[in-house]
Amino acid sequence: MSDRRLRELLEGVRDGSCDVDSAVGRLRHMPFEDLGFAKVDHHRELRHGMPEVVLGQGKTVAEVRAISAKLLERSPNLLVTRATEAMFQAVQELDGHAEFFPRSRAIRVWGDRQERGKAKIAVVCAGTSDIAVAEEAVVTAEVMGNAVETVYDVGVAGIHRLLHRLDRLNSARVVICCAGMEGALPSAVGGLVSVPVIAVPTSVGYGASFNGLSALLGMLNSCSSNVSVVNIDNGFGAAYVATLINRL
Amino acid sequence: MSDRRLRELLEGVRDGSCDVDSAVGRLRHMPFEDLGFAKVDHHRELRHGMPEVVLGQGKTVAEVRAISAKLLERSPNLLVTRATEAMFQAVQELDGHAEFFPRSRAIRVWGDRQERGKAKIAVVCAGTSDIAVAEEAVVTAEVMGNAVETVYDVGVAGIHRLLHRLDRLNSARVVICCAGMEGALPSAVGGLVSVPVIAVPTSVGYGASFNGLSALLGMLNSCSSNVSVVNIDNGFGAAYVATLINRL
Amino acid sequence: MSDRRLRELLEGVRDGSCDVDSAVGRLRHMPFEDLGFAKVDHHRELRHGMPEVVLGQGKTVAEVRAISAKLLERSPNLLVTRATEAMFQAVQELDGHAEFFPRSRAIRVWGDRQERGKAKIAVVCAGTSDIAVAEEAVVTAEVMGNAVETVYDVGVAGIHRLLHRLDRLNSARVVICCAGMEGALPSAVGGLVSVPVIAVPTSVGYGASFNGLSALLGMLNSCSSNVSVVNIDNGFGAAYVATLINRL
Amino acid sequence: MSDRRLRELLEGVRDGSCDVDSAVGRLRHMPFEDLGFAKVDHHRELRHGMPEVVLGQGKTVAEVRAISAKLLERSPNLLVTRATEAMFQAVQELDGHAEFFPRSRAIRVWGDRQERGKAKIAVVCAGTSDIAVAEEAVVTAEVMGNAVETVYDVGVAGIHRLLHRLDRLNSARVVICCAGMEGALPSAVGGLVSVPVIAVPTSVGYGASFNGLSALLGMLNSCSSNVSVVNIDNGFGAAYVATLINRL
Amino acid sequence: MSDRRLRELLEGVRDGSCDVDSAVGRLRHMPFEDLGFAKVDHHRELRHGMPEVVLGQGKTVAEVRAISAKLLERSPNLLVTRATEAMFQAVQELDGHAEFFPRSRAIRVWGDRQERGKAKIAVVCAGTSDIAVAEEAVVTAEVMGNAVETVYDVGVAGIHRLLHRLDRLNSARVVICCAGMEGALPSAVGGLVSVPVIAVPTSVGYGASFNGLSALLGMLNSCSSNVSVVNIDNGFGAAYVATLINRL
Amino acid sequence: MSDRRLRELLEGVRDGSCDVDSAVGRLRHMPFEDLGFAKVDHHRELRHGMPEVVLGQGKTVAEVRAISAKLLERSPNLLVTRATEAMFQAVQELDGHAEFFPRSRAIRVWGDRQERGKAKIAVVCAGTSDIAVAEEAVVTAEVMGNAVETVYDVGVAGIHRLLHRLDRLNSARVVICCAGMEGALPSAVGGLVSVPVIAVPTSVGYGASFNGLSALLGMLNSCSSNVSVVNIDNGFGAAYVATLINRL
Amino acid sequence: MSDRRLRELLEGVRDGSCDVDSAVGRLRHMPFEDLGFAKVDHHRELRHGMPEVVLGQGKTVAEVRAISAKLLERSPNLLVTRATEAMFQAVQELDGHAEFFPRSRAIRVWGDRQERGKAKIAVVCAGTSDIAVAEEAVVTAEVMGNAVETVYDVGVAGIHRLLHRLDRLNSARVVICCAGMEGALPSAVGGLVSVPVIAVPTSVGYGASFNGLSALLGMLNSCSSNVSVVNIDNGFGAAYVATLINRL
Amino acid sequence: MSDRRLRELLEGVRDGSCDVDSAVGRLRHMPFEDLGFAKVDHHRELRHGMPEVVLGQGKTVAEVRAISAKLLERSPNLLVTRATEAMFQAVQELDGHAEFFPRSRAIRVWGDRQERGKAKIAVVCAGTSDIAVAEEAVVTAEVMGNAVETVYDVGVAGIHRLLHRLDRLNSARVVICCAGMEGALPSAVGGLVSVPVIAVPTSVGYGASFNGLSALLGMLNSCSSNVSVVNIDNGFGAAYVATLINRL
């Protein structure tokens, strides 16, 4: 029920052209969506203060360009995940400041760089091959208004490398931890910090890594109680959750 | 290296009975754990302010009793998860205020009820069979110093029941969401709130639920970006993560 | 918003004590659940004309008894699935006409036997061990107001037995087809009839049947296009879907 | 045994040129298919009133062209699923009115547009990436004589979008519901409508979606009892089942 | 249609009391099973010369007793697989010569000991724990009229033990090979003999044997081309196939 | 120990240059393979009368050419499975009579066409897409000296098509049965014939067929006791087993 | 061929009663097992110097007693794995020095305590629940003649505890590492030591640990290159491999 | 803490400018990594005497070139695994003695050929397709200072071929055993030798080999107790473990 129709109904009540009983009945049976829930939802998005995000995968270059153009009209920040080089060129035509991150395949327009998080987010990863996923988390966290600290190449097979960076880990309000293969890093990191750890299994590995299943199961079974897990290779999702925590 | 041994070494340096070079050498080759990392770790636990927690599963009644006795000496709060009735009786002899929660099989001594969280934690569950897991989350969250709001029996097949409780959900700083079968609830809840959602798949279901695998996969693939996941039936872990978030 | 509160608001508008603008605003921001969606949902249940159903599994005898008592107050029919002998005795005390079906572990009170389906539902099963699941479908379909035709023990290894019963199959408006092991029966049945076939994989089998997984996969891959599938051992669900179809 | 041959045999009996014993013998040992079962089968197809359908996958362009030519001789409608652009060009040469749907890779000749269904079929999908599968369902349902209502992009993470379209859902006699990732949509839709819901898991997603396995398991475990499931990405099959239901 | 009814129809045609057209019609619409397909099927069983077999699993003692009584009326041999001690006592009351094999849980009445196979069947097994499955194969093969040679405890980890028995293997017309754990034995045996090898994976093992899955996959991937496989623990099925081969 | 060396040793014994004790010792410790087991093995191959077979997959064109050249020197028949067009051209240069079967990717030189089997092998397949695998079985069975009868496109969804061909099935001494998707055909065929059925699951299908896993599990769980199974898409292996049976 | 028979043959050659040609022939065609390969095998066992080991699982008490009695006649050491209390009592009657380890369910007679390993074997485990498996490794390693150093309760979530014990780890020639849940410990240990690490996944955990699968996959994907893996819960196997390494 | 900083602190203690208490405090809270653990780690690598290894997969040619250049400065040996032809050309420009192994995709610079192992490592493989993985093991083992003996094409289907090479197997101090398909070879080899066997499952096979899963499970369930397992296709890891064993 649009504003106009609701107003007409109430005016009818006021005018006496519609009695209370029938007004109750009409309100009762009105499709509730007409009461403006989309607006409520819109408010929720505004409340989050999140930039608009486009999933490039499964879209054409034209679609990405069209959606991006529309979003850039109302937001200074834009993120396109799982994008292609061609999508980047299309977005760059819309906004010359667009950046492309080939490893993580992310396109970013980062006009509004105001920090909204309360502290830093640390993004940790095990091996150099996990950096693609970590980078998606970093790019996302930054464009959503977080200061980010990266701690790369600190797999559990060389635990001293991780211990070397303990200060960086301890300066963060939330830690994102990306690892493939056995996915053991979040357990080790979780035991060293006292903040929430968002674990991201990566599809890095071969054979019995089964495209990230091994790392996923490892993280779900972590003996560190401060670890929760997102989908395989989902650097974006980890950064989204971390952003919400960092703004609390 | 205990305090004493380190002190002796330094006194030797001060006294001249040990020259700097050999002191450097001895420090260099000392097992670093002697430098008191256990204490650091101990500090970390104190910093968390978490009560001691015992996993009952795989332990004998005597073991649970002994550990509980030791822990109750230094902490007014105690949690034993996955416990038995017999374990409860043993703990009750130690502390008459011990409570037992048969559904979730948790034993709790809740002497210090000071609230340490910044706001409420909402614990949501889909069906009545999921309450066992939700209860473990509630009992844990409470004993760790959080105010808890429960929203039970709001599965996605009756979405209006969930919408009815939107206010309760929106009053929480973090939401724990337990569901078995298709595990769809966190996606729906995640779309309605603007705070982190910790999803707990439960082993409730039969046939192709494969003891919680179905719910687990569903939650990992959630289309709501504010969802992260813990292990199947891990109400304790969800409450632990939620507590850390609620204290930030 | 209860009826009373809505009525007060509208009376305020009529009386002029509340102007239209503020009434629009209050309606706009009212929690929509207060508009009576539970009632809408209630209507939906009435519209279905389905009897109340209780899932016995995971409930205590006392809980089943209490719920059943409440339901029997407002409905002449009751179904408790996955029940125990003890649950049956409790329900029997409430209603002496209660029946128990040990094979399928179903309790039924069947007071209102009016037929509501347009035609018959055929329930087919492959081996004698599948009868437990088939029986759950039969008991459910009957108590929901359908005439049921059973065609048992017609596995594909003896295809002539199935062909013998073709007339019974062809007299049905919808066919429920239960099979374990290789789950091939729905494909054969689907090729012989021109109505929808609801396939129910059963956990009957051993070894590589993996508790019904083999039958489930077989049915999902059926080369007969008129087959859709429900969960392993879910005779109830199949009958529910079949009832909806039979009432169309 | 064709009509003619059977008639000749019986005329032989009548004429005395064939005695009863040898007629019994010949009938007994005749392949029963000669008694016209092929025709029965043919009748079944006619009774269904379904257009001919060709599965493009695994066939050459020449094969698709040849089969299509033959089918178009006796039917004004044709559907080729999982086809290629090259197949479309071949079919278009046969019939200039052929349409191609690149997203769902379907070729359709829709000469006879008579509506045979009793009411509308609603085709619902969760995300924009699921539209490919939904489109296959739409194209199939239309060419089989159904009015179709589409409700796209109504994933459970934005439940209000789904509620907005409740009227469209409620106008349908059967609902097809396509979703990838966690596959939660059919549960939510199933709770809102009182008609059968055919759930189609899609292979949309990544990581732990395991090419649609996650959505498939979710749908099989749906807490909405009016949901049955077809194979991953099987929009065609869902539309076939829905058509049968809509004609009842 | 029994012989009698068919004969009456034809006599009517001969007599003129039934014209050809209506005879065609009646034959066309007669359920074809009446043409004696059940009898054909019956003949097939007779042709096999197989004794009647009862699957004990999932049946009550009373049911097994009743079926056995009926079968023993018309056959001197009986096999009940996956039976219990109680079932054995019931069968023993019917026939004092009944034997029970506790390891394989088989009941056998072996009245007719005529050899029907052309040569011997060798039953080979890897470890002592596999003997339960091997015994089911032996008991079955014997009661179906085969001479059986057993070669037990010849796992591939002690290949010389297998080579020791090469003469026994080479005297067989078909080899049944039971193995759990890695299931490697059929490959080794298959390379040593020039006859068909029926491989039976057993559920013997622990951990990553996954209840026989490991052995099953191993056997399906055998590098010996003369190996085919039956279900996990299916000694009966292997003996059935071997019997058919041995009678050729 | 070659013939020569063994002879020398024995001549030493005869001549007295080697005493019995040391001869026993040398024989005892001689590597037994020198006693000519390779020859035994060679005899086994000759006894089988099988042509040489080359697995093309994983080999270069040059390797296939070299091996084929060597094999063709001593055998009039050659089979290369899973070959490429380029491999065929290389083999054709060696022997102008070489045939290529693109669907099954088999190369065959069939010089010696003598029939060695006792009767026919029937090769049955469910859908047209399964023909590639069936063809591998046919090509293999023929080149190994069997008469082959093919029965294609007789899936269980149109059971009458299978019944139409019952005579062909019944004329065979062993049946090879290829099917993808739900893999139900071997159960139906197994119930209709009284000879061994070798089931070949094919990777035909999509979604929950999981590349043939669905068909494989279905066949392993067949309710027809005369069915044994080979690896997915292994038409060659099925023909090999069938050949051994057909020669018995 | 026994020694005697071989000797007779050679004496015949020496005596001239058997000519060389026929002796070659007889040796050529003798079943090679008669040449004493069992003895060779027996030698191999003696060379290993391993005590006799009995797998209790799947054997009756009587069988375990009988086998143990026989083994104790010729060896001062005995190990029965996966045994029961009743088996222990039976063995204790045979040898009063028998020990029982209830956690690991091992029975040990340890008469000969001579150390045969070159250095120590370290047995490390992650949590207290893993001790059952670790104990099986310890008991096995000891009875096979190794000095054993245990390092328990050093999970990666408290990495400092592991570092505390670095000296113990570094004193070992081979490390056995038992862990359930995420199975991360071998990666951390492997990075700290420069000797082979034998990883034993345990079935400790719940939910997505899938009875040890999670730990198994984690260990197979270890980023530490000095890790190899044995079956889930296979403490015995790990100790066996470690013993072989420690004796090199 | 660098040497310099530690020295300054100690000099302060000696000089009296820093008292013992504050020195203890500073040492207690110093990040321990500053104490030179990286150096310790460096020492560990030197102690191993292992050449530097680069994983080519997931790196660019430029990255491989840069890393290789740096490593070649301080080591005469270099190994790049899972490399490309282009990577080889880049490395060859750095060092003209670089070799490329196309089958295993390994690049090797083998300047220092000193043997460091105590005896030979045997590398065994089942089929010719497994040679790629075996070659990676050989190339790795050689460059790490081991003499290597290869025993190829000795699958269990032709067990005599394996027995022929028993002497080669028995001359090794550790055996690496590569096999795909059913992965049975390590069990057979393990039974023939008295040294540790490192089993490498390969992804060779099709259908139910599931990319090496079948071989992996087979090897984990080996009935030979001297077998441990590494990841699928991990020839490098097997050689690394074998090298450590061979140096003991």
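Letters A, B, C, D, E, F, G and H mark the chains as written, and numbering starts fresh at 1 in each.
FYI, contacts are C-beta pairs under 8 Å (C-beta built on N, C-alpha and C of every residue); 3 or more make two chains touch, one makes a residue touch a chain.
Keep in mind that this is a model prediction, so the values were computed, not measured.
In summary, the chains found to touch both subunit C and subunit H are A, B, E, F. Seen from the Cα centre of subunit G, the chain whose own Cα centre is farthest off is D. The interface in B-H, A-H or D-F that matches A-C, meaning over half of the contact pairs are the same by residue number, belongs to B-H. Both subunit A and subunit G derive from one sequence, and where they touch, over half of the residue numbers involved are common to the two copies. Separating the centre of subunit A from that of subunit B, both taken as means of CA atoms, is a distance of 25 Å. Per-chain Cα centroids separate subunit C from subunit G by 55 Å. Here the spacing of subunit B and subunit C, counted between their Cα centres, is 39 Å. Rounded to whole angstrom, the centroid-to-centroid distance between subunit B and subunit D, based on C-alpha atoms, equals 50 Å.
Residues of subunit H in contact with at least two other chains: 32, 37, 158, 163, 207-209, 213, 216, 220-221, 231-232. Contact between chains, per the stated criterion, is found for A-B, A-C, A-D, A-G, A-H, B-C, B-D, B-G, B-H, C-D, C-E, C-F, D-E, D-F, E-F, E-G, E-H, F-G, F-H, G-H.
Those residues of subunit F that touch subunit C in the shared complex are 126-127, 155-159, 163, 180-184, 187-188, 190-192, 205, 207-210, 213-215, 217-224. On the subunit A side of its complex with subunit C, the touching residues are 3, 6-7, 10-11, 13-14, 16, 20, 23-24, 27-28, 32, 35-37. Of all residues in subunit B, only 128-129, 158, 160-161, 163-167, 204, 206-209 touch subunit C in the complex they form. Interface residues of subunit G facing subunit E in the complex, by the touch rule stated above, are 31-33, 37-38, 40-41, 57-59, 201, 203, 211-213, 216, 231-234. Note for the complex: subunit G touches subunit H at residues 44, 47-48, 118, 173, 194-196, 198, 216, 220-221, 225-232, 236-238, 240-241, 244-245, 248.
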